[in-house]
Amino acid sequence: MCLAVPHRIEEILDSKRAIAAAGPLRVEVRTDLIDDLNVGDIVLVHAGFAIEKCEEEDGQELEELWEEVLRLAGKRDA
Amino acid sequence: MCLAVPHRIEEILDSKRAIAAAGPLRVEVRTDLIDDLNVGDIVLVHAGFAIEKCEEEDGQELEELWEEVLRLAGKRDA
Amino acid sequence: MFVELKHGSGGRPTQQLIGEILSIYGDNSIKDLEDCALIEGGLGVTIDGFTVSPRFFPGGDIGKLAVCGSTNDLAVRGVKPMYLAMSILIEEGLPKEELIKVVKSAYGVSKELDVKLVAGDTKVLPRGQADGMYITCCALGKAVTGRPWGINNLSSGDILVITGPIGKHGALISALHYGLDVDQLASDCAPLWPLMQPLTEVAGVKCARDCTRGGLGTVLCEWAEGAGIGIEIEEDLIPLDPEVASVADVLGFDVLHLACEGTAVIAVAPDCAEYVLSSLRVLAPNCTAIGKVTEDHPGIVGLKTEIGGIRVVDMLAGEMVPRIC
Amino acid sequence: MFVELKHGSGGRPTQQLIGEILSIYGDNSIKDLEDCALIEGGLGVTIDGFTVSPRFFPGGDIGKLAVCGSTNDLAVRGVKPMYLAMSILIEEGLPKEELIKVVKSAYGVSKELDVKLVAGDTKVLPRGQADGMYITCCALGKAVTGRPWGINNLSSGDILVITGPIGKHGALISALHYGLDVDQLASDCAPLWPLMQPLTEVAGVKCARDCTRGGLGTVLCEWAEGAGIGIEIEEDLIPLDPEVASVADVLGFDVLHLACEGTAVIAVAPDCAEYVLSSLRVLAPNCTAIGKVTEDHPGIVGLKTEIGGIRVVDMLAGEMVPRIC
Amino acid sequence: MRAREMLKDKIKLLCDALNNLADEPLTFMEVCGTHTVAIYRSGLRSLLPKNVSLVSGPGCPVCVTDQGEVDAAIQLANKGDLIFATYGDMLRVPGTKGSLQDLRARGADVRVVKSCDEALNLALKNPTKEVAFLGVGFETTAPSTAAVILEAAEREIENFSVLCFHKLVPPALRLLAGSKELKVDGFILPGHVSVVLGVAPYMFLPRDFKVACAIAGFEALDIMEGIVELARQVRYKDFKVSLLYARAVKPEGNPLAQKLVRRVFDEADARWRGLGEIKKSGLRLKAEFSRFDAAAKFDLRIEEVPLPSGCKCGDVLMGKITPQQCPLFAKRCNPDDPVGPCMVSSEGSCAACYKYSHKVM
Amino acid sequence: MRAREMLKDKIKLLCDALNNLADEPLTFMEVCGTHTVAIYRSGLRSLLPKNVSLVSGPGCPVCVTDQGEVDAAIQLANKGDLIFATYGDMLRVPGTKGSLQDLRARGADVRVVKSCDEALNLALKNPTKEVAFLGVGFETTAPSTAAVILEAAEREIENFSVLCFHKLVPPALRLLAGSKELKVDGFILPGHVSVVLGVAPYMFLPRDFKVACAIAGFEALDIMEGIVELARQVRYKDFKVSLLYARAVKPEGNPLAQKLVRRVFDEADARWRGLGEIKKSGLRLKAEFSRFDAAAKFDLRIEEVPLPSGCKCGDVLMGKITPQQCPLFAKRCNPDDPVGPCMVSSEGSCAACYKYSHKVM
């Protein structure tokens, strides 16, 4: 549906534009949809627009799922 | 200066245009510069325009010249 | 029906178009699905048109590409490149220095390979009837292998070796075309004969192919379909530069369909795979075995993925355009 | 400096451009000024790009032209055409039927000559980067003459024979290009090998050339300059169709610069001129002797005109454009 | 190397868990086409237990763009002296008479852009020409179209317009979930749409229809996690919208993007290819921006057009049949010469299926 | 065959007569470039007695178009979004910075037309573009330009204009005949110019300057006749304008063509390349047609530009020197890379001379 690739913000050009890098590849992206953007932020880029910042954490529901998975594997208690 | 090639009028298209043939070659020419044009007329065509009708006769001065030439060749009396 | 860009992408529509042309020629043509024909006297012949845009790119230019591309088609059949015939179509208005620069690049590779230019032609096209310049190169040479390399030699158990990371040329050209900025990316454009020559003495080498238009994926599909064999390769084993992976990610391309211009896949009998790899490694340190020929699923290329799943690899189906989804 | 249309006209600017390219290749090229190179094993090689517009014309099409044009370059060196390598550049949007029609024409000539298509390539270019389609043909064959035909054989006294009326292809294409209507005009596009083959057994045949881009005048200048001999031809003897004369008149062209695509000039020793003419006459009833090679004025082609005057013939100097004066 | 081993270990654990959890036949639908492609490309299906199957939903903008909409796009692109800008995805979609790609081959000025922003730049660079952009896509793409239209309005750019066929996912999911013919036990919800929407718009699914739901990312691992979570919800009857893609999706979505969309568009009824008209499932430019509406500007009529005869795209999109069950699949309909839109986009269900599995290994 | 024999017989008779008549060194000037080409192409010079020589006059529109005029043409052709139509002859004429051909190679829309009528058709076919026609040539071509401008006016065509550099032959002949440096015994007058002008405009030549004059056609035979007639006039001191081309030229010329020219143009001073300004030797559009004047419409300035350094075109045009006497001839200046305009047109004196005789046979 919507191919989006994480990019790292390298340089903020103006309130609507930044240079972002997907690995070794640098592109100009629109940043209209993101508040409070900083160099170093990881953003998802879709159709030339950063649509969201990415976090490090997996979130609670994924953690719970993995607890269940490990439990089923006999590596965690029920 | 002004490359002009004799063409034969093949077909009159309108008051300003005719189809003319240079040997086996047919072209459309403008005829604005010629009065009283008829199919079969031989015209000189320069830059897409018929500029004059051609006559069969060589004219008096050319005939006189040839008399002189033949006279000099000893083929005519002085 | 019109000819469309997809017919030039190197994938299945291209194969179909070429098939139609060959069917007109019937028996008056060679239809063995190889990139280079072998005619009497062990002479190898190949021809290719080069229209790359931009004409100058990191790693090469259209002149270097033309000589590499045409002689590589000889090299992968075990044919030593010896002669070139080159035809150049030039758009009116091309700066003369560009032409000279391109010819000098072509000369550079020719000299390196000791290939002689024996016939040439130039035509000039009115402005707007070409994009700068196109080159067609016909390369000729002598087969030096015992038995000619070709897909008919492929058999179950053969090991597939790739000489280096895939997709560099295709990724670079796509990046340039679509305005992506990748400093570190350069085309792999290079002559393959120096790599292939030592292999011509190895009896176990079966077949090789430079992975140009359509990429590694398309070449392997041609092999599988043409020879009626199955192929299995492993994603984890295929060398891939991160730049190429990024370009493919961002534009939505499959790296298996990105063109190489100096990288070949080689099928070798299992007992000499190690020898071939060590021989290649001198000039191609990143060469590696990526899979094998199987009896199973004839006509089909299977890829063992990163997560251990299996999927089918197909030829490129149309024009490669960047996608949002 | 830019490449201009004049560099493609076949005359002196074309020679100069090709000279510059060859000088880059230096010793890595053959520079013998022939249309077809002879390499080891008596193999003849030639390549030519074909970009004719319109693609279909009375007397032929780009496919027929490509096979005739390339194999003719072999034929005029006494090389029997045997193999073809063909590369087609196609503009996106070309109707497929046009492509098929063109390939069928190419096949027609190939079959007539018993020439085999051994290598092929197609590329598709984005709309606006080509004018429909271009073909590059590389033709290969075996030299069957005792000594190779070529300009080095030319010597004083040789008789120059033309195989038919000159300038038909050039006049036709110019007429079509500039919107002149000439019903009876057709290109002379035809394979020359059937004419040349019987001559390969005649020891006195020295040299031949198909009078393509630049026309008979340019070919003879190349001979005179290349071999350091003089040439004399007679206007009255040169066969010329009235259609061609008319097109040249109206556009201000010199018929000696109009291209032929199935008409050759042949230099033969005087003692076998009659034999050659009678042999040619079977297939080329309008062949005729038009002049001779002389010791006088080396490097220069002289034309004895209709009125008995003498003038110098030069290569075509630029692009041929219609003139008003 | 270490990372690869860890990945394989994790996949193994998930497979084991799935085997354990899935004690009855289960059918899950991945709504999003990008999931579809990732599933095929990773060979993930080959790792699933026999009783777990995946069907592909209507999550590809190409596939759901109605044929009448494609025809309107082609009609517009075919006007002389106009630059028609489109995402590459739409190039090959067949309308009633050919595709944008065919038009381009015959001389129309059709340009592939990677973003709506590039289309606006084309308008700036070609001030004497009209530039029309084909606005397709879901909640993910709509905000970028909105941002560009706002910029065009601010800068008073007059030669730019958008042919706006954006669609909204939740109304289509409601239609699917409510269908009697559809038998799915859970949805893998679209990750990037959720980035914009957040979690709330899907809550009706577990609540009203008792189906399992997981918002998942696009790596094979993410998807596998999603599948295991769906199996877990079914097993424990713990139906909810589980957010497994918290790396990118915030529960509230992206409010800024939502605001931009509301600023520029109104919700409107829309026709989905194969599904028919769905209430309030599309976006229409507000009156205030109607000068950027290409359909109004060029007086285009968007007609209702039947699907090509024999094409079962509607059923495929609904998950009612697999692509292989369409009688045209891999015969008259293939990626080189697609009949229906599902065969066009490489993430269309039929194309993905063709590419990765029509040959049985 | 019979015709060829007769032709050769006639030429022989004319040569004999010339030998007989020319009892002193004679120099004749062919004014017209088409004569120049015909003379070279027929090898006629090789048949003349040693004491009869021919020099080429200023009769090629290309050669006499002033460099400032060429620069203006190039300036105009270089404007974007304009179609510049020209006779093929002008394509290679070098201006101060390159030629129209160079411009075209770099992307300007320069079209070769065979007539002014074709240029007008271009304007009709490209209504959104300006079409400018480069109007060069003498009395022969001016009537066609006039006719087309009248048509454009009647049909109210607004995107068509003419950059008008037409020149008139008699004023230039007066300048030549009056020059002290010029030593010619007779003029072969231009046949096709005479078709339009008739005989009267040349009468001043025998009357005021005691030079022989013959109006001749363009076949080698015609020219030979002209030369013999000139020799005859000198021998018998019978100076007049002898009309040997009565097949095409009427004594009164073509009154209709003359009328058209008067209707559309006024006489004006004009600059001739190498000769400088000559009073009333050019044609300017009447005020009534000024909307078709490209120079006015596009505000072009026609500057006075010196000839390229070393170029002796002026002296060649005046017949003061032969092309071979120019130090650049066949060295820096040749048809592939012309320095002066006389080397450009194939009927330019230098080009004709280069082509047919720079190699000494």
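A few notes on this one:
Note that the chains take the letters A, B, C, D, E and F in the order they are written out, and that residue 1 is the start of every chain.
Operating definition for what follows: a residue touches a chain if its C-beta (ideal position, glycine included) is under 8 Å from a C-beta of that chain, and two chains touch if they have at least 3 such contacts.
Just so we're clear, the structure is a prediction, and the values are computed from it rather than from any experiment.
Hopping across touching chains, the smallest step count from chain A to chain E is 1.
Of all chains in the assembly, those touching chain B and also chain D are F. The greatest centre-to-centre distance from chain A, using averaged C-alpha positions, is reached by B. Of all chain pairs in this entry, the one linked by the most C-beta contacts is C-D. Look at where the CA atoms of chain E average out and do the same for chain F: the two points lie 71 Å apart.
Note on chain placement: the centre of chain C and the centre of chain E lie 35 Å apart, centres being C-alpha means.
Chain centres here are Cα averages; for chain A and chain D they lie 65 Å apart. Touching two or more other chains at once are residues 1-3, 46-47 of chain B. Contact with two or more other chains is made by residues 2-6, 92-93, 252, 323-325 of chain C.
Residues of chain F in contact with at least two other chains: 33-34, 60-61, 87, 105-106, 114, 137, 141, 347.
Counting only pairs that meet the touch rule, the chains in contact are A-C, A-E, B-D, B-F, C-D, C-E, C-F, D-E, D-F. Only residues 1-4, 16, 30, 32-35, 44, 46-49, 51-52, 54-62, 65, 68-70, 72-73 of chain B touch chain F when the two sit together in their complex. Across the complex, chain E is touched by residues 2-6, 12-13, 16, 178, 236, 251-252, 254, 296-297, 299-300, 302-312, 314, 317-319, 321-325 of chain C.
On the side of chain C, the complex with chain A involves touching residues 175, 180-185, 242-243, 245-247, 249-250, 252, 323-325. Across the complex, chain B is touched by residues 13-14, 16-17, 20-21, 31-35, 59-61, 87, 114-118, 137-138, 140-141, 143-144, 147, 151, 190, 192-193, 195-196, 218, 225, 228-229, 232, 242-250, 254, 256-257, 260, 347 of chain F. On the side of chain E, the complex with chain C involves touching residues 4, 7-8, 11, 33-34, 40-47, 60-62, 87-89, 91-92, 101-102, 105-106, 112, 114, 137, 141, 220-221, 224, 335-336, 345-347, 351, 354-361.
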